[in-house]
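Got a structure for you, questions after.
Naming follows writing order (A, B, C, D, E and F), and every chain is counted from residue 1.
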C-alpha cells in the first residue's frame, strides 16, 4: 500500500521537474552545485522571476569611498541562474571611487549613464595599466580576473551600469582582502612588501584584526 | 645565410605572438575561427582597444518600427573578441517597437535607461508568453535563443541598454527571416501556415522576393 | 545514540554517490540544476538506462502538418543527461511539413532514411536562405538557434533521423509561439507586421486566444 | 599612394571576415587552432557547405572485421566545423564487428537502421560491461571516452547511423593501437599482460612491427 | 502556524546556500549532477577542505604491476569539486609498470619526482606511438582520452606526480576492461582479435569470468 | 596553368592540416586566437613536442623575495596548447616568499616536494583567509582568480610543484600591479587607501614610476 502511494507521489514529483530547458530559476532553499543553484519547478515560474527592480534604488554613497552599489547577481535575481549574465549599478559621489578589485569569474562591460568616470585595469602579463576617461554612453571592457578601478573624475555625481559574463562574477577588493579580515600583519607585510605600520593603519580603518 | 635570417625572423615573429593571455583584441584582417577572430599582437594593443564610443550616437528611429539600434558586438568593438560579452543601445520612438527576434548564441539582459518599455519572451517548451512592463532601472533577462520583443508603451521616447553573454550573439528577426529575402512564398506559407496574400504583402513592404 | 546511527547512515549514503564519473543517468524525481538533472546512484544503473526503444514507434502524422515526431531528449531518455547529445525521428506524410522552428540550445544534424526531403535554414546575419533537397543517406546540418524547416518534396512517405549537440535542445515553432498561446493579437501584429485578421485566423486554427 | 591602396585593401579584407557568427565553414587550407579550422569567408559559403552526400556510399565490408564505415567528421564535411556534432554510417556484414574502440572527444549515439546489432561499452570506474541487443530504430548511447564495440548478431546485413557530440570525436581502436604500429612488443606485453607470442601474431596480422 | 515556521525555516536554509561562488566543496551525502557534487554550505567550509594529506602515503607496490597509486580526485579530496583539476601520486618499484590506460575526461601532465620513467601515448588518428624517457623534473603531457603507459626504466624506485584537467578524470585500464569483469570471452575475442586461450588465461589472472 | 598549380598546392596544404584532433601543438610564429595558438601541422609533430625539460633548472632565488620560478605554460611548452593544463616549479629560499598574486584564468593545485610551506588564499565573498602549513606531499588547491601566497615557513629550502587548470593561467602579482609600472601614485592611493609615501617607497623599490 505504502509503495503504491510512493509510486504515485514519485510520478507527480517527476512530472514537475521533467522539462528542464530554456531557463532554471534558482530555488535558493535547495543545495547548489558547481554550476549554480537548483531550479524551481517550471510550474511555479512566472514573469516576475525574469524581472528585477532592485537597481532602481541606488546604493548609499555615504561611505569612505563615496561609492554606492546595487547588485543584480544570481543571489539577488534568481532568474539569472545558469544564464551566464548579471549586472550592477554603480553610483559615485563627486570624488568617489570604486576601489581596486577583480572579478574572479567574469569579464565586465561598463557603460556610463551619467557624468564622467576614469576607468583603468592592469594586465597580468606585463603589469601595463590601461586607463581611459569615459563620458555618457561610452563603454569599456575589463577582461576576466584583472585588477581594475573607477574614479569619478567629473564635477557631478556619476552613474554607471556594469554587466558581467557570469551570473555570479565574484568580487575581490584588494584593500578588503588585505586589511578587512584577520590576515596577520606579518604575512601581509611579507607577501605585499607593505610596511607593518601602513598595514596596521588600514586594518584599523577598515575593521581588520591581527 | 638565408637560414640564419629566417631563424632571426622567426624568433621576432614568435615573440610578437608569444603572450596570448588576458585578452585577444580582434584583427579583422586575418582569418577567424569557430571561437572568434585572430588576435592583434600584444605590442599593438592600447587602451583604445578596450574602449568604444559608438553607443553615444543613437541609431535613427526614422523607420517603420520607430526603432534605432547602435551595436557594440565584436565586429564593431574588436576588444570584446573572446571575452564573452557584448552590448547594444536601443532607442524607441513613442509607439516604437523592437520586432520579434531571437539571439541564437546568447542570453540578453536589458536595463531601462529612460521611459517605459513592455518586454516579452516566449518559452520553447510550452509557448508560454512572459510579459512585463519596465520603467527606469528595471532589468529583465531573456534566456538564450528564445523569441522576444520590446514595445515603447509610454508617452516619451524610451531608451534601453542591452548586454549579452557572448561577444557575438547573432540576431534573427522573425519578419526579416520570413519576408526580407528570397524565401519562396509557397514555402513560407507551408511552414508557417500564413496565407500567401499576407506573405506577398509583407515581402513587398520589407523588400523580399519570390 | 541517534548521532551514531546518523553517522552510519551518512556514510552509507555518501558511498552511493561517491563515484560520479563516466555518466549521470537522470533521476527525474530530484531537483534539476542549470546543466541537467540529478544523477541516479551508480548502483541502480543498468544497461537499460543507456538504451531507448521509443523511436521504433512513429509519431502520428494525422495532423495539419502531416508530421509525426518521436523524441529521444533527456526527459524521454534519462541516460542522455549530461552527455551532450539527443535525437528524434521525423515521419512526414506525402506533402507533409516540419513547420519553421529553431532549437535554442543545439545544432541539428539530419540524415534522410527514406524518401525525399527539402530542408532549409535562414542565417541570422543576412537573412540568407540555404535550401537543399535531400535523398536517402544525405546529411544536412543546421547551426544552433537558426530558423529551419523540412518539407516532404517526394511522392512517398519520408523518414529522417535528427541528432542534436545537446541532451535538451529545446524547440520553438514559430507558428505556435505566435498563435498557439495568449500572446495578444495587438502585440503579435506590432512585433511581426502581420495583419490582425491573419493573426486571429491562425489563433483560431491553432488554439490560441487574445 | 601605396598607403592609400593598402588602406583600401585592408578594408576589403576586413569586410570579408567581419561577420563571424552562425557558422564557421572550415577552410582546410589555412592553419587550424585548438577548437577547429579557420572559417571560409562568409561570401563564399553556399548551401552545399551544409550538405554532405558521402554517407550514401557504404564503406567496403570486404575486410577482416566485415565492417564498412563512411565518415562525416569535420575533415570530410567542413560545414560541421565549430558546430559540435558529426556522424558516420556503419555497415556490418553477417558476423561482422566494429572492433573495441573509444572516441576520446565525444559521446556517441547509435541508431539501428537495418538488422540486429549487439552493442556494449565498459565503464571506467568499475569495469562493468553494459551490453544490449538492438533492432531497427533502437537507440543506444556510449558516454565519452569509454571502450565500446558492436557486433552484427543477426542473420542479415546490419546498418547503423552514429552521431557524436563533437565535430571531431577521434577514434582509437584498441587492436590497432596495440598491434598496427611500431609499439615494441616488449612494452605491449608489459603494459597489457598479453603474451609476446600473441602480440607478435597480431602485429603480423595487422601490419605492425617491433 | 506551521506555514509560518516553514517560512522562517525556508529563509534560514536559503541564507546558508545564498553565496555560491569561488568554490563548491562537495557534500558527498547529497545527490550529484552532471558537473559534480552538491556544495557544502559556505558556513561549514574550513581551510581543511582545500587541503589533502593523502598523497603522503604511497600506494602499495606489492602487486603484479609493482605500481602503487594514491589518489586525489574529487571523491577523495572534496574541495576539488567544480574546480577542474585533480592529481595522483605514482610509485613504481624497479621494473614496475603503470599498465596501458586512458582517462576519458582529462588531459594528464606528469612530472618525475624520483628515478627514471619511460612514458608513452598513442594518437587516435594514426596510431602513432610517442615514447620518451624522463628523469627528475622532466614533464610530459598526455592528451585527453588517449591510451598511455609508464614503465620504471631505471634501477631505483621511481616516483611521479600527475595532475589532470578535471576533478574527476576517470581511469580505464585496458587489461582490466578486457579481463577483470564478465565481458564474455567470445565477445572479447571477436572485438580485439585476441585468441580465446589468451583471454581465458588473463581472465584467470585478473579475476574475470565468462 | 597558374590555376592548376594553385589547385595542386591547395590540395597539398589542405592535406597537412586535415587531421586536427587529439592535440594542437602551438606554432608560435602564426597568429593566435581566443582559445590559443595555431597548430603545427601534424606531420611535423614529434614526441619532443609533448616533453619539457625546463623544470629541471630551478629559477634563481637570488632576489628580494627569495623565490625562484621555472614555468611550463604554453608559451614555454607549446605541446600544452589547447589541452587545458600547465605547471610551474617554485623554489623558495629559507624565509622566501611567493608574493600575493592571482591567476585570472585557472585554479591552482600545489604539491610540496621538499620542505615546509605556509599557503593561504582569500575568498572573494567574505574576505575570509584560508591558511594552512604544508609538508612533503601535502596538497592544497586555490580556486580560480583568488589572491594567494606561499611562504617558506621551515628551516630548509622549500620546493613545490604547481599545476593549473589552463594552459595559460596568467599571473597578476599585487605588488607589481600596484608599484612596478606607471600607475599614478595618486590613483593607487585613491583606489587602495594606501598612503602616497608608502606607494612612492615601493615604486622606488620595484622600479615603478609616476
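Keep in mind that, in the parts below, a residue touches a chain if its C-beta (ideal position, glycine included) is under 8 Å from a C-beta of that chain, and two chains touch if they have at least 3 such contacts.
In UniProt terms the chains read A, B, C, D, E, F = Germin-like protein.
What you see is a predicted model; the values in this text were computed from it and never measured.
J.: In contact with subunit D and with subunit F at once: which chains are those? Just list them.
T.: Output, common partners of subunit D and subunit F: B, E.
J.: Between A-E and A-F, which chain pair is linked by more C-beta pairs in contact?
T.: It is A-F, judged by the count of C-beta pairs in contact.
J.: Are the interface residues of subunit C and subunit E largely the same numbers on each copy, more than half shared, or largely different?
T.: different
J.: Could you tell me the distance, in whole angstrom, between the mean C-alpha positions of subunit C and subunit F?
T.: Inter-chain centre distance comes to 43 Å.
J.: Roughly how many whole angstrom separate the Cα centroids of subunit B and subunit D?
T.: Averaging C-alpha atoms per chain gives centres 35 Å apart.
J.: Residues of subunit A that touch two or more other chains: which are they?
T.: Only 19, 21-22, 30, 32-33, 35-37, 104-105, 124-125, 131, 143-144, 146, 170 qualify.
J.: For this entry, which pairs of chains touch?
T.: Every touching chain pair, ordered by label, is A-B, A-C, A-E, A-F, B-C, B-D, B-F, C-D, C-E, D-E, D-F, E-F.
J.: Please name which positions on subunit C make contact with subunit E in the complex.
T.: 10, 13-14, 17-22, 24, 27, 30, 32-33, 35-39, 81-82
J.: Show me the residue ranges of subunit A that touch subunit F in the complex, using the header's touch definition.
T.: That would be residues 64, 97-100, 102-105, 118, 120, 122, 124-125, 127-129, 131, 143-147, 149, 151, 170-183, 187-188, 190-195, 198, 201-202, 205-206 of subunit A.
J.: Where on subunit C does subunit A make contact in their complex?
T.: For subunit C paired with subunit A, touching residues are 28-37, 74-75, 104-105, 168, 170.
J.: Taking the touch rule as given, give the residues of subunit A at its contact with subunit B in the complex, in rising order.
T.: Touching subunit B from subunit A are residues 19, 21-23, 42, 46-48, 50-53, 55-56, 72, 77, 79-80, 83-87, 89, 107-109, 111, 113, 121, 123-126, 130-132, 134-144, 146, 161, 163-165.
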